[in-house]
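For reference, the structure I am asking about is given below.
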């Protein structure tokens, strides 16, 4: 089967504002990975556009197989990541307010987020990831929205809350913000 | 500086039952990585003993740079991991009850946990990790116990709860279970 | 020395139109790699903004240690890469016209270029590279502008031209388009 | 084909004392690698239980694709590895007596062994390897028990013995201790 | 399908002087890679013999996926590589005259060449490459001989010459020197 | 400190017949690795010349971090490698007689050897290895010539011989054939 330029190409995915309203968290991630561009196979990179509603966020999540580098195209973002458990048992938050053209790095596997603090203006970012199939784990969804559910006694103890609180959380609708 | 056998050795760490009572989650992870054995540098492996109190757990966490393979030495464990966000937006829980001698794998970067379902008998496991410095991110601690704190409006939206609930969670004491 | 958020951050680099006039080829590449963001070390990714004048180009070049994925922010680009010598001794050109939001991949080490075919409107792209230090080799500059020069008889035979032509080429001013 | 939890699981392999009597060297290695757990594919780790009879040993061997980290569960082990040919032409032995809970590392590709020096008490260890398919080469078996045999003049010169000695060695029964 | 010794073997390829006369550049590269020896798959190495006519050359080229190490078997070679674009915008040429038995390294992805400066005596080299499928991009061929052609306005601007010169170059016969 | 061409160069090492008489096994390996050429650092390749006396051999050995590819320059070689322990507990010997220009591959970490079967004519080979620091473990030397010695009861059991035989072997002079 002959390979050609179309195997390295994806049309018209990253230019258009995407709907951020159908997401409860107010964001929309459009990822171009090896599923969209077969020629990326083994090449170790992918790219995404992220739209943020006013006060919208890309909630705490990890990429199990990739570092992310992000630049702001429009608006303002408050971003951060949390370090691994440290020798002194402290998870440090490294955060920053990013304006247009600023660049920030989220190291592989660490929990990170982006939040649009502006109540009126949307924001847009381009992010690149160091894998052709980086994966994404939205923390709240994976923890409270898995199918089947993680037993509530496991989560109650982990999150120091009553089982009833876990049950209530697990009854919510957990969608991810990748459309 | 001459290298010798002691650079590949760590004494008496993995045989003794460790205290699981000072941990709120009822577990204690003793990890031997490149900090304990300098000779592990670049060699891509480490090992841990995990003690579980009755009803104790190693709460949901990830290793940002390692796959884990675990075998049960004593007792019973209910274990699981949650897959990445899927094309169909479903985070699947893969879980299993493990008895003595059973082996289970937690792929790199995925959220996983072990829980001792027995109310009377402790459990012990040996786990190996595919990095000399695998890192560990206890989800609840990194999300609710980071220093400084992640803003409560970011977490309220992500976890679909009131800000007051987040504030209460952030006021708790979040320690990790690595002593 | 304590690491902090600034080690993962670079301000205000990728938002502003850059001068494309001082470059003979009519383009300007602004690369953020491990030299600008120390925290990228070992993380295997970097990012760039590329500005193209009307009829400007990012001339044929390679990245010796990285695949590139590019998306168009403004304008139109004619892009392509040439495959390695094939069994049938044919170097194939894979090319495409990209509009806003289109994505294209240039596999590691292959010669590639981007050209703005519009005589009136500039173009802008964001590119990500699968290395924290991808390197760039502008073909004409490396071949005809190296210091010291490659002997003209070597190049005359390689390019099937007279030595005088090589001498003339080597006398030109070869600057790269990274400012 | 749907993947499920069983693809990351192997039951009841590492808890039971294994027969060490049918092995001439008095040991038995039970390895769980990608052949037993398909989900280990690409994940770079495997695990083994090793049983040692009194005075039994896991004879000198290498893993061509993995570093090994070992901890003693029961008994005592005298362990060691030999470094590569050095600039000063000296193969150094790094050795140690390990008791319960001690940990030792055998770097990738180096010849190593474990010996139970106790004439009355068996020993047990858990070992992890930094590959889903580490391979094992028992030195004596590969050298004297290969099929077909390595010519005796090659081995006589290498081991500085008479060809008759090699012939006698090659006539022995060389089994490996993986059952 | 059983693997055997023939899967790791290639007969009689690297001993015979190869014809350097049918090549315009006066050289002939005989590469043994994973296409010739299937057992090389995943093993990360390949080997080549290169014959040089008097005044022949292996013209400027890159290997997109491999470093090369070369030793001279017969004759003399003037060799060099050009570094990536530097911070000071200078592409440095690192060159050396090699005699029989000398060794030189061409780092991964960099443009390099070998030239036989002797007008009467051929030269021969053995080169090894750090990939089972290193690829080769002869610069002049990829730039001026691709199929289809790179547009002449792209190349005219890149090489600072008239379009007519590019058209003339593109009309030449560009063969590579791998037979 | 400025890097220059000499950091990628080693003079006059691989052309001259080396003395094979001072070696008991009748061979001499001249390896050019990162110790001789600093520029090889991180580049994953090295090269060697091997001289074989009539009936000389490069005795059974492994490279813990590299695959080897070898071509015969002069004479004839009988070469082979032994596979890892197999599911059916059989270590297979893959062997071949190589003449001038033939190529053979020894996969990473496997025990292999080369033997010159000609009683009158020396042989010469060039070998390349897929690491800048491949290491070499001559089996007999590492097993019987380590310093300090491996206990004779460990080796007696492993090799199925009397301890007195081991003691005799350990009393021999074990030099390696790298000068």
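Note that the chains take the letters A, B, C, D, E and F in the order they are written out, and that residue 1 is the start of every chain.
Keep this in mind: contacts are C-beta pairs under 8 Å (C-beta built on N, C-alpha and C of every residue); 3 or more make two chains touch, one makes a residue touch a chain.
By chain, with names taken from UniProt: A, B, C, D, E, F = Cupin type-1 domain-containing protein.
Because the structure is predicted, anything quoted here is derived from the model rather than measured.
When the partners of subunit D are compared with those of subunit F, no chain appears in both lists. Note on connectivity: the fewest steps through touching chains from subunit B to subunit F is 2.
The most distant chain from subunit A is F, comparing centres defined as mean Cα coordinates. Each chain gets a centre from the mean of its Cα atoms; the one farthest from the centre of subunit C is D. Chain centres here are Cα means. That of subunit B falls 44 Å from that of subunit C. For the pair subunit C and subunit D, the distance between C-alpha centroids works out to 51 Å.
For subunit F, the set of residues touching two or more other chains reads 80, 95, 107-108. Shown here, the protein chains touch around one cycle, each chain meeting exactly two partners.
A single ring links the chains, and its order as traced from subunit E towards subunit F is E, F, D, B, A, C. For subunit E in complex with subunit F, the touching residues are 4-6, 8-16, 32, 37, 39-40, 43-47, 49, 67-69, 71-73, 80-81, 94-96, 98-108, 126, 128-130. Chain contact summary for the complex, subunit D toward subunit F: residues 24-26, 35, 55, 57, 59-60, 62-65, 78, 80, 82, 84-85, 87, 89-93, 95, 107-111, 113, 115, 135-151, 153-155, 157-161, 169, 172, 174-176, 178.
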